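Next come two complexes built around subunit A: one with subunit B, the other with subunit C.
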Partner chain A sequence: MIAAAMANRSTRKMLLTLFWCALAFVYLFPYTWMVLTGFRHGVDTISVPPRIIFQPTLDGFRHLFEVTGFQKYLLNSAVVTIASVLLVIGVSAPASYALAHLSKRSGVLLVAILVARIIPGIAIGVPVYLLATRLHQLDTYQALVVINVAVNIPFAMWLMRSFFMEVHPSLREAAISDGCSEWQVFTKIMLPLVLGGMLATSVFVFIGVWNEFLFALILTTSVSPTAPLAMLGFRTQYGVQWDAVGAAALLVSTPVIVFAFIMQRYLVQGLTMGSVK
Partner chain B sequence: MTDVTIHNVTKRYGALTVIPQLSFRIEDGEFVVLVGPSGCGKSTLLRMLAGLEEISGGELLMGKEVINDRPAKERDMAIVFQNYALYPHMTVAENMGFALKLRKRPRAEIDERVGKAAAILGLGSLLDRYPRALSGGQRQRVAMGRAIVRDPQVFLFDEPLSNLDAKLRVQMRAEIKALHQRLKITTVYVTHDQIEAMTMADKIVVMNDGRVEQMGTPLELYDRPANIFVAGFIGSPAMNFLPAKVASSGTPGMKTPEGVDLPINGGITLAGRSQVTYGIRPEHLQLGETGIPAEVVVVEPTGSETQLYLTVGGRDVVAVLRDRVDVRPGEKIWLTPKSGCTHLFDPDTGMRITG
Partner chain C sequence: MTISQTITGDRATPRRRRRIRMSSVFWFTLPAAAIMLLVLGVPLVYSLYYSFTGWSLVIPGSDQDFIGLLNYTDVLGSSEFWAAISVTLIYAVVAVSLECALGILFAILLNMEFFGRGLFRSLMLIPMVITPAVVGIFWKLLYEQDSGVFNYLLGTVGFEPVAWLSLTFALASVIIMDVWQSTPFFTLIILAGLQSLDRDTVSAAQADGANALQVFRYLTLPHLVPYIMIAAAFRIIGVMADFDKIFLLTLGGPGNATTTLSVYAYNTGFKVFDIGRTTAISWIYVVFVLLVSAPLIWRLFRGASVNRH
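Here is the complex of A and B:
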């Protein structure tokens, strides 16, 4: 009886391990393939059957930096992303606090804010382009930052509002009774308590802005295109430069992975906050 | 320290009036307990005092000064919340010194005042801990410490013992009372627990539906409740109430509708009344040879006393006897009310009938 139960348990464990391995393979295969592409010659990538063993090369990376000046696009992405994340968090943190703790009737406003997020980007592509043209802001950092901030604020406010709502209202009241102004309640009491949620939100916004493609395509030409847009240039009339695409994809994805890894603890906290009382 | 006057204070939420024109005065250094059932407006009143809730009408005065529009931080009142509301990211010392830090007091003064308050409350060894590392009782003390450090004119307590277990509640009750006796700061304490009210208050304000039902010292409320609500609310177990018909002959005798004789105190004029509500506290009933006939339903000995659940003419009655008694369920006994301890109320208005 005991031996049968143990055999049953080990079979279940083995099946579970196999399942997790299969799941890991499904998730990691595209990324691994992308990384390998960056270190392979183009011919190795498109050979049939695919070559697992190959002569590694840095040609893709060399092409990126020496021929296309990819560092400029990375810098554009970094400037737009950092500015956007700072502005989104800077605006939505106090706004979310106000919605969570100060406004008694914030429902309509919250839905109105969400509309900006619900509308597909492509639907406002033409007006945004026309607006940027009229204001002489086409192909500038500020145009990209403004549109990214506008698109991400609703999401950040909804997310951060839920973090602020986790803080019991009596903490605000205690702080006010202690002598805090509303701004001091926000900075001295609320912010330290929702720091994890704020960092988690900033990771999500960072990922969203860093990977943003549509508005970069609409609003930029030569001065401020971002890295995801620049990758489009590797598909030419002579074919796809697979080694450069792989190398660029690796460079573009690395900051997101590093940032998300550093913030992992807060990310999990942000995703699970509110689920357990 | 200061006195506080609540003059025709009203609180409305839209069309709903939760406190209609409430008036009473809290003397300088007095410990006033606001007690009443959930939703009676006691916490709302406390929050209006603290400046956390707007006042819809009337006047709130500290001393002679109207403070209706004075912001909470300028009221010089310290509030202790039911859930303690300690700042989780600050240590005990930082929690206690936070108000002084906001007022930009020198570091040395903050340390000294926090140290003094910690010594009073026995928190000296916990100053570097965070709230999450404290027990319920310790958190409660820190919340009080945070209030003490400010040296406010008024202490406000909003059901501060509700989250503690029964044993700790009794201990903290005594500590808060001792603290008040030591500091003599005007205190307003909200609770729905009448035992807390009775044991701690200099003056109890019994509230119901936003109104003051009665105000007075604990023993005044216990001995001479103004109406059926106060009579039933103050005292545990609650007072027994029996409907009674007044004897037509003009004598003070009366009977329940089932014909059970109810002895009453002499000296009460019942002229013109045919119906009354007869009230007697459980602890004022004694076993006797004659009196009110009752049947025992349940016997609950607690060691120090015995609670008897009885029926009198088919109506439930509770008696609490100091002596150990040998009675069994189903047994017929006689109850004698202690002299001078019966209460009569008007069944229509609920008000006390006085001689």
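Here is the complex of A and C:
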């Protein structure tokens, strides 16, 4: 009887597993197709019918690096992203700590942060472009970094604030009684305690900046775009170079997928700005 | 320092202590607040100012023409603007509803017991994090009428090829693409909700003779409602600001079939160079988004003010 029930149960598990294999295969097909396209000769992709089985090749990657110079765009993306993440975290960490532990009346600032987070980027696109032109900052790293930092501060502050809130305020009070300054409390006690949360926040900001497209489109010309913006160039020339498009898609999207996997534990909290844990 | 000294010290200078605390709040928040104010606040104020001028980059000197509310009345009276509003609303409502329904389904399926569950939970996240620009360009390839793989697959089961990016289907294609990318977002949050559902309550209900459907209707679903609301609120805001994917897939076309508010604002600013009009659109857009997201802002704000120690 028990054995039968157990057998029944594992058959059920087995069937569900098979079902999920099929479902995941169908659902992830566009992604699988993208990966395959990067390793397939362009002609094999546009042949009718498209070749499911093919001779794999690295021609797409070769074309991407030797003809398109895509490594330059990846480098631009990396520089902008890393600089932005460091600045966002450096600036937001003390601010979010102050909001969580020092200020009792931070209502106005909290609402300002939320509003800043929700305003669509395009709403400030034109004035940002005009300002950057006037200050001769088009096509520079610093322009992209500054705008990405500003756009990500509200999110980072809000999320890190929720991590600082998890630290009990008595820790700060004890340290202050022992003669620590507010800055020492922050650097010596609070920062080590929220390191995990800070790392998670950094990864979210990384993904956000790496994927950013609109301000890159507004602030850079086609000479020195970031990697996502360089995808726009393929819109007109892909006809010949499917393999290169696939390779580029793979190179741009893989780092963020890897990061998301690593940070899976924090994903829900990050995506809902701490409102679901 | 002894304990008694600390206590008397505290008593002697409460005022001073408070002042120190306020001044450190100021210094701790200054860099972040300054950057937000300068880089986000100043452009917003600029754009409010420009929206009252007839400034167009193709007409020299026009930045000095004050035309009052003319840009606003112009925009609100143009059929293009209302077309963009309706595209944005259709996109938001249809995409978010489908994502929600599919998300619930996937979450329930991922919450059951099977082999490799953790692996599938991870794999299903992939679409959500792929760079939107990559999704846009790649789905354009998938949707190609003659050489695209979707039409090939339809052909193998005996269907006629679909003109995915034509006037008739373009908006549907944009919606399908977003549903594909964003359903995992709902799945993830609803799964978190399912995992926080008390198993004992469910067992008790089952022991009392409730069937699976009743358990879902009267226990699971009510428990999930707040999770669904949060996910939907974030998604609606995301959909309304969406730009990259649509821009790379269709450029807002054909015609203005997929021109959402964001694409409309971009085109007016960077194709027509009508600064006055674009900034007016931007401000209408901001007010529209803030109105729609007001409940979420309120909820997040309330949650943030309540959960103090």
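Just so we're on the same page, the second predicted complex is superposed on the first by the 225 of 277 C-alpha atoms of A that agree within 3 Å, B and C clash if a C-alpha of one lies under 4 Å from a C-alpha of the other, contacts with A are read in each partner's own complex, and residues count from 1 in each chain.
Here is the rule we go by: contacts are C-beta pairs under 8 Å (C-beta built on N, C-alpha and C of every residue); 3 or more make two chains touch, one makes a residue touch a chain.
None of these values were measured; they are calculated from a predicted model.
Counting residues of subunit A touched by each partner, subunit B versus subunit C, the larger count belongs to C. After overlaying the two complexes on the shared chain, residue contacts for A:168 are found with subunit B and with subunit C alike. Of the two partner chains, subunit C is the only one that A:214 touches; subunit B does not reach it. In the overlay built on the shared chain, the residue A:262 is in contact with neither subunit B nor subunit C. When both complexes are overlaid on chain A, the residue A:58 reaches neither subunit B nor subunit C.
Touch criterion met: A:184 reaches subunit B, while subunit C stays clear of it. In the superposition on chain A, contact of A:192 is made with subunit B only, not with subunit C. Touching of subunit A by both subunit B and subunit C, each in its own complex, is seen for residues 168, 177-179. Within the complex formed with subunit A, the residues of subunit B that make contact are 47, 50-52, 72-73, 77-79, 81-83, 85-89, 98-99, 102-103, 146, 150.
Those residues of subunit A lying in contact with subunit C across their complex are 12-14, 16-17, 19-20, 23-24, 27-28, 30-31, 33-34, 37, 45-46, 48-50, 91-92, 94-95, 97-99, 102-103, 107, 109-116, 118-131, 146-147, 149-151, 153-154, 157-158, 161-162, 165, 168-169, 177-179, 182-183, 186, 207, 210-211, 213-214, 217-218, 228-229, 231-232, 234-235, 238, 242, 245-246, 248-249, 252-253, 256-257, 259-261, 264, 267-268, 271-273, 275-277.
Of all residues in subunit C, only 1, 6, 10, 20-21, 24-25, 28-29, 31-33, 35-36, 38-40, 42-44, 46-47, 50, 109, 112-116, 120, 122-134, 136-142, 146-147, 149, 152, 155-156, 180, 185, 188-189, 192-193, 227, 230-231, 234, 237, 240-241, 243-244, 247-248, 262, 265-266, 269-270, 275, 278-279, 282-283, 285-286, 289-290, 293, 296-297, 299-301, 303-305, 307-309 touch subunit A in the complex they form. Those residues of subunit A lying in contact with subunit B across their complex are 168, 170-171, 173-181, 184, 189, 192-193.
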